[in-house]
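Quick heads-up: structures coming right below.
Here come two complexes built around subunit A, the first alongside subunit B, the second alongside subunit C.
Take a look at the complex of A and B:
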């Protein structure tokens, strides 16, 4: 995989307060990367460094080979790497769903007919065709967040950075939003960088990066990362609920593998065990 | 609070709804201007007929129009009375030191009709246009001024964002009020000053939150390549169609007829 996003020895500080130190990180084209870390570990700062909202104090960040400290490239960088924030209310600009989704292509100065195509494609990708003429404030949190994702999609980005997109949503909204994110990654090959507090969401990623104290503490597949429960706890995190349950079952003498991270895996293993017992 | 409707827009598909909002705006302004150019009662009555016909086209019930006229009844009465008593001329009847003249009655009727037509005309605009349509109409009409350095696009953007956030902030006000009440704040009793003071613990969190929202929104807009109004295109660009030309033509003919009616009356 080509490296779409590349951090080269990046440090960042607000005044004297060091937030990130010597970060080396890459994300390949089409990769799904989850970023974990306790509050204040520098996750959001990392996200804002990617599309040039913040510029590193030292080191370089490249998006598709473009240096984020080069102001002439900023529009291209933001078009390549779109960003979705936590609070859907604070990123919707217009009073009608379709006009909000059209906001980014309008900024890019595209032709009205091209904007129309992009808006229709984006709204279909998030499954909100029925609400295209609605007022955003009448939608639910999960729907609003999907409008926000569609608003970024309309730029046709190659990478979407999501900064805790499900933190303010109810369970139903959360699973719908995660469904959209997964689909964009699998079907459209869009690189996803998901910053999250939910371990079960991180388990869906190709790779997990854990930040602790401004440094990269772990960088591996979800299975590798979640297999060491003690290490996760020492980093101020936990393992997904299903892994927790599996470990508990193992502790009670059930012969299960330690590296189960998806609910379906546990179901499958238990069914197998039941069949073997019969 | 969630279903708050801004302005008085009535959803519909009448001929007037389908006009370009710019045309609607300009015709309304033109109508208001000619109201002040008419000086015979006959013209005023015809102008009223004209606006009532427009209301018939939109199928807005007369009741609604009457309701919107209600607040200005005192103004109409006041000006009418003044006109009746203070214009000198042929006395119709008099009592004590006050004389009501023929001319006075004539002008009172003129003034009342003018105010009614004014309000009916401007209400028709807000009944048939959403705030967003009005914003984009103004943006488009003031575009030439951007050459003089007036940030027309930015002003329109601000207007749109303000409209977008009114329901959000109303909802938030509700939440803050509930939160403060649950902590024992007394918002509904006391005299005027006490109640005004009680608003402080609502307004301060509301302002703080509004600023935080503004900050986040600015960031999100930047992420979506917003770079001021320069070089922006629009999804739904305003377009003058045949219907708009017809509307302008019909309006012009009506105006000419009304002016001619004024000549006849003299």
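Take a look at the complex of A and C:
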């Protein structure tokens, strides 16, 4: 995979307050990367550095080879890497769903028929075709968040950065938003950088990066990262309930692999064990 | 004894207008003293409207809310006093912090009760103690605190009113895993120490299963279930149909049982699930 996003020895400070220190990190084209870490670990700062909302105090961030501190490249960087924030209410600007989604492409000065195509494609990708003429304030939190994602999609980005997009949603809204994110990654090959506090969401990623005190504390597959429960807890995090159960079962002497992260894996492994025992 | 009873309670927004919308209807139930109740239901199920009626923030459009046998809306001159018996912590309560120091913020409610300075001070200490807010933070500005600390300060302000019933609307929303655990643990300790009723609105079945002894499920504005944790999670399939999930490990146990492994399914925590699965395998091999 080519590196679409590249951090080279990046540090960032707000005044004298060091938030990120010597970060080296890459995300490949088409990769699904989850970023974890307790509040204040530097996650949101990392996200804002990617599309040039912030620029490094030292070091460089490159998006598709473009230096984010080069102001002449900023528009192109933001077309390449779009961002979705936590609170859906702060991201919606128009009074009708389709106008909200059309807002950014209109500002690119595109042909109206091209804008129409992009809006229709984007709304379909997030499954809100039925709501295209609705007022955004009548939508649920999960639907609004999908409108925000559609607004970013209409820019046809190669990478989408999502900063705790499901924090304010209920379980149903969360699973629909996560479904959209997974589909965009698997079917359209869009690079995803997902900042989250939910371990089950991070378990869906190709790779997890854990920030602690402004530094990268772990960088590995969900299986590698979650199989060390004590380490996760020491980083202020937790493991998904299914991993917790698996580790308890191993402690009780059951011969299971310690890197189980999905419920179906555990049930399959246990049923196989039972069939072998009978 | 402080009990909170709802009799056929309903609420309609914009009543009588073309766009009227019934958020809650026909809810009758009793919160017994000392219960720890988890309220679940998806967005729009009426949870938030329901809890706002518990302390008179909203007046039911039908039915009545009784605290200790008195209808809270019966005698308006006593409404204030009755409302103080039910402490309500709204979502993102830290947005309501406004004083110069954490101490003043926690003291705001008791001060309005007209208590003596000594009494106010002792209540602030007690509430800060429950929320594990260290003494040195009390004289800081609330705006200098971390997200989790701010949230705990805001909850302390409600506890300083010494409510008989504490109601919290998604107190862990937006916090990281450690912040979530900290908040739930202090609420659990408060509940164990004070034996007062706690009502917790949550989206996390895993949290409700771990902390509550009763579960109240709202669906489309009506009461779907109100029973012990065990009884409610027996309705796993119905819960899934209404768009709610069940605790992860309960889901795993149900699948295992379906596929012939002899495990208990009225279990909601990983540790207990590990035990029943281990026992089932001992049964096979032994």
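Keep in mind that, in the parts below, the second predicted complex is superposed on the first by the 278 of 278 C-alpha atoms of A that agree within 3 Å, B and C clash if a C-alpha of one lies under 4 Å from a C-alpha of the other, contacts with A are read in each partner's own complex, and residues count from 1 in each chain.
The rule we apply is simple: a residue touches a chain if its C-beta (ideal position, glycine included) is under 8 Å from a C-beta of that chain, and two chains touch if they have at least 3 such contacts.
Quick caveat: nothing in here was measured; it's all calculated off a predicted structure.
Engineer: Sharing subunit A, do subunit B and subunit C clash or fit in the superposition?
Structural biologist: In the arrangement built by aligning on subunit A, the partners subunit C and subunit B fit side by side.
Engineer: After lining up the shared chain so the two structures overlap, which partner does A:274 touch, if you call subunit B first and subunit C second: first, second, both or neither?
Structural biologist: A:274 contacts subunit C only, not subunit B.
Engineer: Just checking: does A:109 make contact with subunit B only, subunit C only, both, or neither of them? Give me first, second, both or neither.
Structural biologist: After superposition on chain A, A:109 lies in contact with subunit B alone.
Engineer: Between subunit B and subunit C, whom does A:38 touch in the aligned arrangement: first, second, both, or neither?
Structural biologist: Second partner only.
Engineer: Now for A:266: first (subunit B), second (subunit C), both, or neither, which partner does it touch?
Structural biologist: After superposition on chain A, A:266 lies in contact with subunit C alone.
Engineer: For the combined overlay, can you note the least CA distance between subunit B and subunit C, rounded to whole Å?
Structural biologist: 5
Engineer: Mind sorting out which residues of subunit A both subunit B and subunit C touch, each in its own complex?
Structural biologist: On subunit A, no residue contacts both subunit B in one structure and subunit C in the other.
Engineer: If we count contacts the way the header does, which residues on subunit A are in touch with subunit B in the complex?
Structural biologist: 51, 53, 75, 78-79, 82-83, 85, 87, 89-96, 98-99, 102-112, 115-116, 119, 135-138, 148, 151-152, 155
Engineer: Tell me, which parts of subunit B touch subunit A in their complex?
Structural biologist: Its residues touching subunit A are 2-3, 131-132, 160-161, 163-164, 167-168, 171, 213, 216-217, 219-227, 231-237.
Engineer: Mind pulling up the subunit C residues that touch subunit A in the complex?
Structural biologist: Within the complex, subunit C touches subunit A at residues 42-44, 146-148, 173-181, 203, 205-206, 243-245, 247-249, 251-252, 255-256, 259-261, 270-271, 273-275, 277-278, 281, 284-285.
Engineer: Which of the residues in subunit A come into contact with subunit C in the complex?
Structural biologist: Result: residues 37-40, 86, 140-142, 164, 167-173, 197, 199-200, 236-238, 240-242, 244-245, 248-249, 251-254, 263, 266-267, 270-271, 273-274, 277-278 of subunit A touch subunit C.
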